[in-house]
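Chain IDs A, B, C, D, E and F follow the sequence of writing; residue 1 opens each chain.
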């Protein structure tokens, strides 16, 4: 591996652009009050990040151990910063008088200090700080590209948002600052090899998350932010505990070595399990979903960036990283079942929601559960499925969040019921949203490709496959319902694209196009990137054949299917264009329809609105009842997992 | 290549013809069971041709799009099946059709369409997991999700997967819109939500939905036939008996509500499937 | 919570007759019901101002085509009482026979429609197949299938020949046999019970308070049947009202199913006892004063009030039909039930709108 | 040929919508009786669809009154062409015995065009079948100009011209 | 016909008494006596015996609704509002004269002097 | 399990209940009140039927010596037949055929006295 580094001239530069540059940009934007300049800094940073991440593609795998930053030992810098960060948490805890945060910060500080003491003393192995393989690369690409696109869209969004809230003193600069900070931290997390680094960046994302959730400063926002903070601190604490136990065994905080040293011993598995707990919390798995739901109070770009496409992926990323280490262990199987449960429960709870953002949030939890299930299954097929799911979920979910944000700014509601007939008011946005939904649930799009792989990969694990089968049926319910609502009457057939800022169209458009192109390119993406991830020990499970992916017992002809689907789509579009000439009749209202659309002549000759609302089946899928049950079950699962590790 | 094209063409022609014929026979048999004469066997074709030539009216042009999309998806699913491709993929493709049908119905503001659409979603919710589990069962037995491999499997699957076949029968009842599950679009008009899902589809678009339905039925029956793929007689007999049982069930039960359906399909269907799968595992 | 507002009727395949219910539902559970009427209102009580009291017989027959004969009978009883006319004994038996035939066809019709309301189509077909036998009897004896126009003031326009009497008995035997065969499918089927038991419950006290009548009342355990009044020949025959306790749709179903056999039995009894003689009394003069009459129709008590002052045209004729009395209880039954229960519950009172609105 | 097939199908697959204006039920139940085993009009491919958007034939029983007039108009408007209206029973034909009642507008033809009149009080099932078959004769004569699927691909000329 | 004559203000009390005694509300009958006075009959049943309350009223002296006592009366009171033009204050479910009639029928058709003839808009 | 089973199987294996009308027609019952016929030869234009008719659909025009009947307004009750003293009216056991347009039946009456 050492020689790979020497070959890669420029990799350190790229990495510092990816990690350090956003930090600097964040510091730059903070004092800037001019909206123009803010836009400039943000777009520039985004563009640079996109370019850098693309340039990184041919350079994996690599390891890198920078010695110093501005002459100070880099490890010392990071550790110090980590301490500082934890004291900031403590401060927040005191400021808001939040006991849990106080306790957790102190616990973290103490354990970090303990770890430091131990690393300083003893024979101290300096490990490579950064490491990148295709898995990290994919996450870097997601964070940098999707992240930047979201940042672009947040520029017009925040402008409208502040106008809407009638904020007197703009706080946008702070917002952008945190956003950029986050992008750097995100890249940092997925590129860290030294677990100290990992923890530091992990906590930076937690801080960003807190700041962004409480951005609007309303009491509810602050409360939800604090909840996110304590829950994620708990995650950080789990990480630290895991690290301590890793160190006890390895005498190093080296993520790569940890996996290579895979063993079935109890202490090893406990450390892995503890790290996984941290990951579960970051990925908002039950019973820790609360913070993610609360996070929906933040301005929508935040949800798009942190709470669906990138930050929550840190958790599943970590588990995927650790997976080879627990191959064959019962722990791994438990994680699979836990993930499948999260998938099912998330989908079920999403069915009970009419709040668009909450549906997205639950759907995110659900998808992360599926990814976890794949990670836990720990077969090459499952791994492939997990990575496809990460990629496509990031793109499509970001798209959907941005759509909801755009819609919300126009109709002043994020409730699905209020989006009925949106295609009349904002036809293009509605169409884009529907495309997003289609990409969520229909073949040949990537998410379905991932789900297909997942089911075929889980087929031998009965418990998992039953839950996945049920969960995916539930998924169809809430997406189809939403898409139908958007396209409801009154759409007369003429098409007036609504006006939106250029950056909004750009962001939405590029995400839709991205989803489509990536789908068609999926087999080649697979061939180019995935093989690298699957080493060591896994042989590539699929062959690319006839534009599709195939193995001994299944085949998914991506390209042919895409072509056929496109033809079907084109025919339907032609029909649709012609259909503008059909006679439009009023819908069936038992013969009582009036000239006003959707009104009928009710009792006493009074016009009544034929309200038609979706089913949310609150008696079955209502949050109140179901969530308690789910949380209980999840807790039991977690205890089982810990037991399995022991 | 030529082979493939021939198979595709043959499927696209034969499936609707067969589907219509089955539906015609179904209506005659139902009439007989009710001591009636019933329509001629080609009645479904008359219906569809008539509908295709009616004035196209729609409540919302999206509905037109959805009708076409539904038909396309159903056709693609059957063609994929004919080509012996991946069973799961076929099921997913067919589900796409169902989703478009629902989206089309939701595009109306009539509560009748809407209630029908939601019931259809609930029906999908009831049977989709069972279908996936049937596919999984077939995989566990034959070691492949590919339909071509299943066809070539040496012994009748029915003997190994009897409970899964029963679960498939449940799915078939739902899909054929037969009592006690004819909830979202009863094939006859006397129900509380009029024609439910199909209330606001009209004229040619209704015809598309009908043809798409034929494709769906053929697909499911074909799937049933896989359970006795070793001999033609066995295959035809199995499908005929299964369908006859469906018709009889339709005539000896009242229509239930969706709460019952969801509970029954999940409790009964999942139990049947899981028992069968466990059995496969243990062996 | 997201609710839907559904205009149920006036045109709706479940409702052969137009009534409108504005249903507010959430996830298919009924929250509120508001009815609207007037889609069948013709105003025929007012026709008394342009038709003499003989012609009114033909008008009231058309208050409803299902129990046409009983409307005419009730009206005639009312006028006859005002004028002090004694109808001949044979007429009293004949009226009973035809009204029980009316009830038979009505109950068979309802049993079919009720089966259809929960989607049991083959059962619906089966009942209507049996019902055709009764329809043939009506057509062969009265000259019309549905508007059984046999009444005149003072008695009847049609008699039954001994052969006709024998045919009626023979055919009723077959109807009875076929009905017995359907007892299990109707009352013992799991799916039927699932759809009817526990749906639309009304207690006896509530039923009385809301003024309900007929099988709806008897299904709630109140033994009240206007035939107990002994009008026409009912007083001469053995008669016990059919009562069920539970007050749900299943009870009402059972009451009507059992009343089918009761009607057959009453006709048999009447055929045995029917005396020979005149079928109509001579009518002289014009009615004067006030009169009230009540008759048990298939759906329950019908109430006629007639006021006359000896002029050519009646002063006022007022008809309160059974469904009119059962609408309030219907409104009380629906909330909390499922959308799919609406047809079942609505049909369980056997609604007849045309007579409700006249 | 194509023309013949479409016309043929139209005649062989007439779907009914029954609307009760203010019938006394007499005619209504006779309409329902037509669907049942003894008369079984499904022999002619007829089904009772209960939905104007699917119906070819509108069967009206009973006299039109002020309130249901609007409903009748609404239903008629929702029916796609080609369509046939059949009035059943004296009430639907002219108002019958209720012609002079204050709330009665009159026969169905006061509101919408009626193609076939079936007299009777009540019209018997056989008479209703006769009426429907007479209505089908009208379908044979109706032009084939409705743009079906068909439509979608053929319509352009008919529409632009 | 047994009938007890009462005054309008005794009505609600009398009904409450009837209800307490276990009477079932059968119906009401309204008859126009002359242009301005109307006779209202309230019919009750107990053990197959009919009893009637009789009262007279005029167009401009509304009779209080009895729906608070017997909810079942709401239909018939609405009907009388439609057909006779009387009003029943306190009506539980008031259709405001639209139970049966649409705007085409302007006058109460059962009133003595009213345009009792059929509305002949079409002719 | 399914109590309806015997009934439908019996249906399946026995003769169907359908009367195939048309083409098959059944002999009508003798007493059925169908289409109204005025023989004309014995009618005295007395007008009793017109007066008694509850649907008021008979018009007797003495001046033009016509007896007119509106088959679309008639309710086939037979009151006119019962009340006609001369027996000029009778009802066929068959109903009147469906039509595609309005119809009025008008019978020219040649009065006996006048022919003498």
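Simple rule for what comes next: contacts are C-beta pairs under 8 Å (C-beta built on N, C-alpha and C of every residue); 3 or more make two chains touch, one makes a residue touch a chain.
Please read all numbers here as calculations on a predicted model, not as lab measurements.
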(request) Figure out the least number of contact steps between chain A and chain C, where 1 means they touch directly. (result) 1
(message) Touching both chain B and chain C, which chains are there?
(response) A, D, F
(request) Find the chain most remote from chain D, comparing centres computed as mean CA coordinates. (result) A
(message) Per the definition of touch at the top, where is the C-beta contact count highest among chain pairs?
(response) A-B
(message) Need the most distant chain from chain F, centre defined as the mean of C-alpha atoms.
(response) A
(message) Based only on mean CA positions, could you tell me how far chain A sits from chain E in angstrom?
(response) 68
(request) Express in whole angstrom the distance between the two chain centres, defined as the mean CA positions of chain B and chain E. (result) 57
(message) Can you work out the whole-Å distance between the CA centroids of chain C and chain E?
(response) 25
(request) Provide the C-alpha centroid distance between chain C and chain D, rounded to the nearest whole angstrom. (result) 29
(message) Could you pull out the residues of chain E that touch at least 2 other chains?
(response) 98, 100-102, 109, 116
(request) Mark out which residues of chain C touch at least two other chains, giving numbers and ranges. (result) 4-8, 10-14, 28, 34, 38, 41, 43, 46, 58-59, 62, 120, 122-123, 125-126, 129, 132, 144, 147, 185, 189, 357
(request) Would you please write down the residue numbers of chain D that are in contact with two or more other chains? (result) 19, 36-38, 40, 43, 48-53, 67, 71, 75, 78, 80, 96-97, 100-104, 121, 124, 152
(request) Go ahead and list every pair of chains that touch. (result) A-B, A-C, A-D, A-E, B-C, B-D, B-F, C-D, C-E, C-F, D-E, D-F
(message) Going by the contact rule set out above, which residues of chain C touch chain B in the complex?
(response) 4-8, 12-14, 28, 115-123, 125-126, 129, 185, 189, 191-192, 194-195, 338-343
(message) Which residues of chain E touch chain C once you look at their complex with the stated criterion?
(response) 1, 19, 22, 24-27, 29-32, 41, 43, 48, 50, 70-72, 74-76, 93, 98-102, 109-110, 116
(request) Over in the complex, which chain B residues touch chain C? Could you list them? (result) 30, 33-36, 111-112, 114-115, 179-180, 182-183, 186, 188-194, 251-260
(message) Please output the residues of chain E touching chain D within their complex, sorted ascending.
(response) 100-102, 104-105, 109, 116-119, 121-122
(request) Over in the complex, which chain D residues touch chain A? Could you list them? (result) 19, 51-53, 70-72, 74-75, 77-78, 80, 152-153, 155, 159
